[in-house]
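Have a look at the structure below, then the notes.
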């Protein structure tokens, strides 16, 4: 790779730098700030930084070039994925307005921003090293985020996440090693060499690499950590994990497996991914059925939803990619919205994540209940939400590209999931008077976020892709 | 216009009585009577036009192509219309007295007028649907009037029974209409008859069968007859008008109206003739076993209609219609007269508690005597001519065994009618004899008590007002003389046959009979006299009258169960159809719905939750277990990627 | 634009009604009545103009598109009439909320019938469940009933939705209801789509064996609401069969018609038999409508033009008399405080006017000649017979006989017999109550004599 | 590739790293002490490092070396965080055993 670095290279990662700097700024500001406003100052700074980064990212929309000798790529995909990462970060940061201990807010925010940096790095990663770097940056920050929370169960979650994630990273790393061995280069572009199509080392490498990816995406059978960690981690962190992390990892998945592999035998090479996706749809949705904790349920829901997204990618068609992106955007909004509603209802003990607390909500907090209904409808894939449209996109692309069995599994999974989501809706509109802890009357930031997400989830259905 | 007037005035009367009843009070009766009278006059004014070839026709409106509605008045419908409105008028008049003081006086006349309207619609329609509408509405009117005293359980049940059995009839006609519309694409009689020549025998038979189900239900033919005796729960004028003179003869009208269809289908003729004959004999036999004066008359009605159906069925249209004509008079008269008695005895209907009433109700005595002579077919009285025409006509159309049945029935009729007459009027009054001595079942006594209508006549009407006597007296005239219209020295050219010359061309070409008419008359007379003789021997002799109580007692105790239960037809229908339906219903409603269908749904939901619990169980929470799962997954992957490489 | 008003006016009026004082019955009733009357006028005046707005164009084209076809025009008129009568007749606790729910139901169902786009249709399909659902939550004896109603019908809504999605994805546009440009879709998936649509319609109508949600729902829904539900909402399924299943998949519909015919015939007899033994007056009517709707389904399945035009007559007739019947039962229940046929009786003397109305209604329901129900039955069955389904026609006639049996049982059970001493004798039919049912009965009589307007399909 | 550049054949390096890797994996599964588990994970990382370095030599491509250094650095950072987490996680319970940490389940 050429050593000389141009300004264009720096421009490519400017947004990431801004985000990282914002993390530092938050910490510094926290030292100076007066006690009773520090929470809001920190959040404000973080949000400003995120929005600034977002502006920079979208300024690059439409441009296509690679920086640092191919280590980092700016293109349509990178911009969109980075956008979603920032969206996730924004939606999670805002939740700290309702949750968490005053004195730890700043640290948590900084960590979250840095973690987001990792995810953004992955979104544009052009070679194996960048991928690894971004992944580790993302993960380490997340371990810490779980660890520093004082919440009961957070530590256990941190430990489990640490050990299992590191193990998976080990597999991923070894896979990278094999790929490097097979190709003699760390650049993704080198993977597309037709000669590799029958190279056993290469195949093994691909397999191990996918293990690492599948773990981060919490696909069955590498999903086992997700429910526990989602339940244990603090609400904002869970929200972040469910959106930002997955955005970065998905970007890698697309780049490596869809755009870089040799075209020959590629369908054989990818078949296990689609099988895994199909299993995830079923297991994830079945897992939701008997849950009592909202975050845990959303973990299973996330497992299934990632399955849907992979189903869209299965064909490898452009339309499938669009479908996946659209559904993922919708997915981000509905998840962030659901977590926002949970935050609205949460006091210090996160009452909002206990499903039992939702019974009769429709009569106590009609607006919150309405928003929650919208998000659940969207997750279940019912109109008039983007969830429905996204699923139709996916169905169409997977049927057209001949993966009918994935479409069928998607429909079955959706049918099962309806029961689970329906349970919560039913609870919300049941007249049974359930003893409910005194939830905070009004959490402006969370409510705002919930409202925006609700509107977005419906607005996304208008004129999608009418270009 | 006149036709519409004749049709709609009674309807207007009905609506007026129904809506303004509370304000009209007793005026309602006169209003209704007047309405029927107007209708009668209007019909009468149309006589001339109606008897022209083609008759009067009035097109009304059309639903869509093929569904054109209109009214028509030809000799046949003219005859019916005149009887309906004429006899109806008299009976309305009578009812003013009979129903005097009833709690729902106005409503009664609303129903009666409504009935007249419906019946006129039935006979005036020029199409099947119109006929069916009338058919259904007369059934409704009869339902209302049978159940008029609706606080009485028995009346309510009887009304429902009558309605449902009649609906079965309607359904039969509907079926015939399906066939007709499917093949003719028009609902008008004219088109149907015009096309009937092209029908195949099976189609024609099916149509006739469907129509005849309707006729049988309406005219109380076996096996759909069971509602008629129960229908006597209604007030007596109702029995006279609807269940004797007019409605129950609608079947006869229908068959006569469809002469072009029947005359082309020998099988249908056979069917109808057989049913008619059967009904005639069964009705007569059951008539001998009754004690309630109205039930006796009811069974006699049934048997007489059997005659008519038999006649029109086999093609002796003129005879059958003629018998309807005469029967309308003398049967109405019999009912009204018995109404006088019932009235005089405070709603006592059991003949065993009567006797020696000649002095108390002389008018009733004479009226019933004339009626009995007429129905038995004593020469000179109306019944004689019409019944002879039927019996002779049956033979001429080549059904000797029906001929025999007809004669036999005539004999039995003579017996039970005179039985009625003797028991009621001879001997001395038994009203104050203990019922048990008369062999009346105790529950029958209870029934009598429950039989006390809401407040009919409110007691004081011992001496009936002229409104009640006049119609009875007036009716005596036609029931004696009406028959002479049929009399002629030379067969074909009686005024009657001239009147119907255009209507029933087929009646002319009847084959020469094996037995000449005068002989038939003599044989019939002989049989009738025999029947009368038996009756006299059993009830009219000195000794019989001396110990009437004992005689009646052991007769009623020794009455064969078979007859008492009317051949168990009711029991059969109830046991098989009614109970069967309710059994199925409760089976479906109580077991299939809640347990089988919903059970399946619940099962699905439960199994879903089961899977959820299973997954929870697998999620043990142990890090190393998770790690193991991951490693196993990796194993599978490697297995695929290492061994699955294309070579 | 007018169609849009037809939909929005009741929705907005219903929403605004919640701003009125909670317990000012007279005011909310008059406001509701005015709104409903306005809708009725508009519905009659409506002359088939349409309004469309592009919703999205990928993965398929969906238009927010409203406009009345011939059938939906009559259904909307029926809906408006029934709603008006129900509003006038509603006399329940929390009247304001009930009237609001009625208006919301009217709006959503108008949307359903006027929708020209499958997706919009599917949305309104689910939306129209909500007012009924909340009414059940608020008024029913057991809240479970509400969930039962919602679950069963929503399950249908989901298969409908799936079918719509599949249709859109394969055909490229869902703007196809009553669309002349539509060319019959030919695809291996078409039978499955048809199945999805059909399931929804079968549950909603309902047709045996998907009917088990109905009796309980009808029993526990207050009179005004159940009147509209049984009169009009049950027609949504039938409308779907005609306007979607039959119109969009003609050939496949023809293939599958025999199944539908069998189910329809079973429903007719099954409903009639069960109605024969019900102890609760409302359940009798519920099962009777299972039987009656079976007849309409039979007509649709027979695909005979005569039967179809008869079906329209009977759809209107059934709407009129079932609405009237439920309103009348509501009156009876108010007075006697019971619905059990064992305890009812003797109304004939206590409330003669009410009895008269009850009588006409019941007679219309049992298909008395001269009333609209009879016309529908007759024409349908003639058509069915012409279509060659002789056995179905004959079994239908059996159902007709049974109908008279259970309807008379209901009528006599409530009105005849001696006055029941331990039941409080209340005032007779009031003027307002009379006005609430009068239009229905008048329409029944008019169409019974002269159904010309409804038979245009044939000409 | 040119084996001459390696003192011993490439296959041996691969075999060694594979063995190390599987020892690491086994360790993660069988051991209950989080510290030992983390050490096993380090072992996995280093197996990968060996791979990188060996191939770097084989391909004469420095990227492998750089990658190895990167991994070492990151591993160090990870170890730091890991120790911190293990400490806070088991400040409560004296004995150090991951099987104790199974409150979150289902």
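Observations on the structure shown:
In order of appearance the chains are A, B, C and D, and numbering begins at 1 in each one.
In this text, contacts are C-beta pairs under 8 Å (C-beta built on N, C-alpha and C of every residue); 3 or more make two chains touch, one makes a residue touch a chain.
Just so you know, these numbers come straight off a predicted model, no measurement behind them.
Under the contact definition, subunit B and subunit D share the contacting chains A. Across the two interfaces under comparison, A-D and A-C, the one joined by more C-beta contacts turns out to be A-D. Averaged C-alpha coordinates give centres for subunit A and subunit D that are 26 Å from one another.
Centres computed as Cα averages put subunit A at a distance of 47 Å from subunit C.
Here the CA centre of subunit A is 82 Å from the CA centre of subunit B. Look at where the CA atoms of subunit B average out and do the same for subunit C: the two points lie 37 Å apart. The residues of subunit B that reach two or more other chains are 616, 619, 621, 623, 627, listed in rising order. Counting partners per residue, subunit D has 25, 28, 98, 101-106 as the residues that reach two or more other chains.
Shown are all chain pairs that touch, namely A-B, A-C, A-D, B-C, B-D. Contact residues of subunit B toward subunit A in the complex are 605, 608-609, 611-616, 619, 621, 623, 625-627, 629-630, 632-634, 636-638, 640-642, 644-647.
Per the touch definition, subunit B reaches subunit D in the complex via residues 616, 619-624, 627-628, 631. Put simply, subunit B touches subunit C in their complex at residues 18, 61-65, 129, 132-137, 140, 147, 150-151, 153, 156, 159-160, 163-164, 167-168, 170-171, 174-175, 177-179, 181-182, 581-582, 584-586, 588-589, 593-594, 597-598, 601.
Interface of subunit D with subunit B (complex): residues 25, 28-30, 32, 98-99, 101-106. For subunit C in complex with subunit A, the touching residues are 54-60, 119, 122-123, 126, 137, 143, 147, 158, 161-162, 165-166, 168-169.
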